[in-house]
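First subunit A sits with subunit B, and in the next complex the same chain sits with subunit C.
For the complex of A and B:
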């Protein structure tokens, strides 16, 4: 037997500090909220103490953002704003290893993903939007589209740095200033991004980053001087925010949950479909709003595909997120692990057939072995509710119409995957999918030039691409 | 068409006649180019260090088909290659022997004499290598000559012209007949994937060779660019794995040409390990067709053991 020796990335590269402070008006300051301790989900050890914002800190941050907006940022020519944004992008690249290791420590995702996906894609978002800053007149929103003002942004824990980039880059490019709240369990990389922003000499107050729990997010979106709210997270919280904002003049975009269908036809390239299914649900431990958590496979190839899938999933290496050979890292929190366990138990209780990889799991930390449920029916909770973990539900279909009906039979509508070698069928399916993103013969591909967003309970508004600029312009 | 071995009924049907064979090969699932290249690149980022690396280096050395296929080959050159095969690093007797020495048919006797009793195989290219452009009789005579001279492995080329024009039956028959002519010698079927171009073709040619009884499927002659690539090898490894699922039989894969560094060789071994499976990490089921790779493996082996790199002057140039 050939065992891969441990190949851990050094945690020293993360440059971890015992304390992190919030970033307001160009300075790192102590928050007056109750400090939080962020832990490494792979070991359950405390990584650092992070100061959090109180209601008055939120108010200060919004005031700082308002000042920066009125005095500097909204008046600055786009070509000048672009220089700052390009600088941020280059600094992210410069400090890519530090950010990647820190992200894996704080979030639990494997280093190969933070290194090859999260950090480069975050840099790409800044590069892409920097390019728009002086070209907004040509974006199709009129001759001289204006920014909105202060943007209050709340982001989730599954892609901490990348989501910060998705939010901050377009806001700055369009001339808005930002108050961003990172997730409670993963505040660290956003605060290193704050350090980068400080070193890039952005005018004070243009970007403010205030860690904290849900109450900080609520105070931020409710704040009377915020003009635009962007939220990525659970559908439950998204609904609360939408209720809070009803009747106000604040512009809102929501990017919420999903229960995406990955649809495999019998003429699909099966081996690559298996790769796409694995990437669709086990990428980032399945903590992906657009994860392909429902596999819809045509009955005539279901057995063959399932067998190949089991073989492939058995090769996934679960363990130390810092090991360069780890494919599936740690679940982000105990709370999330409990939720995943509860839903998988419901799958078994409701009669689905459970298969779990026999891969070894570490003794400490929050880990969950990749799991595939077959014989799943539409009525089961595991086919309807977002699990947000490495758990795949397999359903079958017989005809393309049935595939469409089953795929769309969900309150969500964020993404879908279609696997077939037939080009005409891809187009036919893509037209009928009620999903913001439809991937054909691939899955979970992200590009700053491609708009991303959902239907129905997956939210509204788009991020990325020309379309994504609309959310940050007064149009 | 006569199937060489007893095949399960589904596969026996596939080789009943030319049209069944065509239907079968075109009924195989397609290969998505972007997907397979992405997977190969992804697996290429595996980090193999320390004991795992040393193990991989020794394994790779034991899988090398040490090859010389030059018009300028002489008995002297072949003898020195055979000596290298026996003792790849003369100062370090614990270095494993290579799997085989691969030469043209007229050099087989020289190699066989040198390697008698060592357990190292003599492989010979045959069937009008590298183009395969000759008559069936000449190809068979070429094969028989190589085996008579002492080759225990035969590396044949398929008729790419026939394959590309859809005459699968002809290619099938050729492989079956060459296999017969091989007798006890193992048959490696060179697909020359650089001329087949698409991954769909690589998958079809792989299955065609497996159905016709090839013991190994081999990427390339080394005379056509591109020679072996990682994604092509992925497709072929998937084919032998699927073959095992359907028949229970283990068949081998040999990438050849263009694999020059230890780093590359390890990427191939990772693919063998994770695409085909750990069973294939065995010189009976996986080979590297290479000439310069061996020296890099030896240099990296020294680096691992000595803690520093010593350079090309410390390995033999043959």
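For the complex of A and C:
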């Protein structure tokens, strides 16, 4: 194995400030909730203190969004809205390095991912949706589709800036105004995005960003003057929100958990498949709702593939997220690390065979070595529950029908992967997967032009593409 | 010629392509708008609803896997058979809804035309709602609409045939299967419609029709783990929020449309869209 000298990105680029405030009505203001301290999960040091929203702050933010909607944003021609959204896309590109470093500091993800995936894709989402703002009459929802009003949006900690972009860009393009709550453990890049929005001169109140914990999110989605709720997060919380909104007229879209099957047939190019499997489960430390966390391998190649997989996973470098050579960064929080440990222990207790990379782990911070379980059966918790960490469960199958049955044997349905050289089989499999995204001979690809979202308990509604606009239109 | 005694029809449930009585053994009298007795209808139970969900689930792979062209022909066949029984439906709708024959005639004609309208949609949905996605990379990415699965439909309480057809056809046009709870007080045209479905090449289990008390059966469907979507159109006002809360238990898609929808106007695509998933498939390009 090659030795690598450290190649750390400078943390100064993040322009880290000691204090961050919430963004309401075009201004950065002190929230009246209990301030939170956001930490660097790779070192456990406090990065900054962030003010949070109280119930009255939530109300003020919604009022600001309503005023902006009534007075400015809903009356503005789409062609003008578009130019504001294009400005945001450009500023994200201009401040890409700052955002990438800040994201890696706050979230723990490797800089190569925040730099090459999160930030550029966030910019792409604004750029893509900007173009829709004055073309909505071509989107297939009638000649003059109307916005919904004020959108309350709650996002998770795994892709903090990217999820903010996924939520804000289509909402604005369709003519809605926004109150967004970033995740408690990763509020910083959303607040830099607020700074960008301010610099882009968006009319005050069009976008409001209010940090806080789950109670702030609950207050936001329950607020009587919110017309649209969009949530990305766990299935557990998604169900709570769907219940909360029962009987209301609020439009709801949910992007929830997953337990994706990544299916490898015996004719697949195994080396290529190994790369896809690694990307599928170890990308972003496995903190990905569409992660390929269940590997289904055709029995005849299972041993060979597993051996190749162990060799490849052994080469993954776990450590400093700011090091450009790092493959797997820090687990986002102690809480999440505890959950991953608990589930992996259950895997051992239930009789699965554990293999864990012998890579060195840093002394401080929240880290978990890449782990692969073989001899996994469908009834085990590690085959059913979302681990949301760098842990892969390997099952086997003999026939395509068995692969389909096992892949679909889950209440989730967000994504799936299929590896085979046979084109007709790919399409046959893709048709039978009860999942919103099927990657064939690739994994974890995202693009604003491609609709993304789940079947069944992985949620409803889509983000991206023409289809994604429906979530923010009164149709 | 002596007056002939007519053969009175027994109205039963329609589950899995068969016409069983309610397993509960219950029935309830159905009257016309003036209170005159029309017939006894089966009073469906929780067990009937569960049987119907099983039948709908069993029918789903076949129906969703059928070609869109085939589904279009089946839906068109329903219109044909319905047209052949037009007079019977006019009489039943007039009796059920208390409308003059002329009005009933127009409602039945619209119901027949509605099947034709949706029959024509089956093989256009993917072209209109799907896409080829111009992603920034060497991949072919495309998105296709797919049926969401088993849909529980609470049919409109007022519009006994046109309303019923307007809520069933968009569900099955795209390949879903369904369990329908009919109008509680006006269930007879629905049962006669099931006779039409049974003789129109609609595979057994694709549409299952239950008569009875909406408020009694709906909660079991709303909380059923094998139901993917819920249409609240005919739900009692007092129950709507509760049903939605139950539906959240398995993240069901919920259509909140209320009774009062004007079914005489040509619909848009919203009812079709309500029961569709979008599947995006990616494949690398290269040599």
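Throughout what follows, the second predicted complex is superposed on the first by the 473 of 475 C-alpha atoms of A that agree within 3 Å, B and C clash if a C-alpha of one lies under 4 Å from a C-alpha of the other, contacts with A are read in each partner's own complex, and residues count from 1 in each chain.
Quick note on the criterion: a contact is a pair of C-beta atoms (placed from the backbone, for glycine too) under 8 Å apart; a residue touches a chain by one contact, two chains touch by 3 or more.
No experiment lies behind these values; they were computed from the predicted model shown.
A.B. asks: Quick one: subunit B and subunit C on subunit A, clash or fit?
C.D. replies: fit
A.B. asks: With both structures superposed, pick whichever of subunit B and subunit C touches the larger number of subunit A residues.
C.D. replies: If we count touched residues of subunit A for both partners, the winner is C.
A.B. asks: Scan A:239 for contacts with subunit B and subunit C and give back first, second, both or neither.
C.D. replies: In the superposition, A:239 touches subunit C alone.
A.B. asks: Under the superposition described above, what is the C-alpha centre angle at subunit A formed with subunit B and subunit C, rounded in steps of 10 degrees?
C.D. replies: Taking subunit A as the apex, subunit B and subunit C sit 120 degrees apart.
A.B. asks: If we overlay the two complexes on their shared chain A, which of subunit B and subunit C does A:112 touch? Say first, second, both or neither.
C.D. replies: A:112 sits against subunit B, while subunit C stays out of touch.
A.B. asks: Thinking of the overlay built on chain A, is A:325 touched by subunit B (first), by subunit C (second), by both, or by neither?
C.D. replies: After superposition on chain A, A:325 lies in contact with subunit B alone.
A.B. asks: Going by the contact rule set out at the top, does A:449 touch subunit B (first), subunit C (second), both, or neither?
C.D. replies: A:449 sits against subunit C, while subunit B stays out of touch.
A.B. asks: Which holds for A:441: it touches subunit B only (first), subunit C only (second), both, or neither?
C.D. replies: Once the two structures are laid over each other on A, A:441 reaches both partners.
A.B. asks: After superposition on the shared chain, which partner residues are touched by A:465: those of subunit B (first), subunit C (second), both, or neither?
C.D. replies: In the superposed model, A:465 contacts subunit C only, not subunit B.
A.B. asks: Contacts for A:7 in the overlay, against subunit B (first) and subunit C (second): which applies, first, second, both or neither?
C.D. replies: So A:7 only meets subunit B here.
A.B. asks: According to the stated criteria, A:421 is in contact with first (subunit B), second (subunit C), both, or neither; which is it?
C.D. replies: Touch partner of A:421: subunit B, not subunit C.
A.B. asks: Of the partners subunit B and subunit C, which touch A:300 in the superposed model: first, second, both, neither?
C.D. replies: A:300 contacts neither subunit B nor subunit C.
A.B. asks: After the two structures are laid over each other on chain A, how near do the C-alpha atoms of subunit B and subunit C get, in Å?
C.D. replies: After superposing on chain A, subunit B and subunit C come no closer than 5 Å at C-alpha.
A.B. asks: Pick out the shared contact residues on subunit A: the ones touching subunit B in one complex and subunit C in the other.
C.D. replies: In the superposed arrangement, which is not itself an observed complex, subunit A uses residues 441-442 for both subunit B and subunit C.
A.B. asks: Across the complex, what residues on subunit A touch subunit B?
C.D. replies: Spelled out, the residues of subunit A in touch with subunit B are 1-7, 112, 116, 267-272, 275-276, 307, 315, 324-325, 421, 441-442.
A.B. asks: Given the complex with subunit A, which residues does subunit C contribute to the contact?
C.D. replies: So the residues of subunit C in touch with subunit A come to 128-129, 131, 133-137, 139, 141, 143, 148, 228, 240-245, 247-251, 253, 256, 268, 270, 273, 277-284.
A.B. asks: Help me check something: in the complex, which residues belonging to subunit A touch subunit C?
C.D. replies: Within the complex, subunit A contacts subunit C at residues 124, 140, 142, 235, 238-240, 242-243, 245-247, 249, 254, 256, 411, 426, 430, 433, 435-442, 445, 447, 449-453, 455-460, 462, 465-467, 470, 475.
A.B. asks: Tell me, which parts of subunit B touch subunit A in their complex?
C.D. replies: The touching residues are 29-32, 34-36, 38-39, 45-53, 55-56, 59, 238, 245, 269, 273-274, 278, 281.
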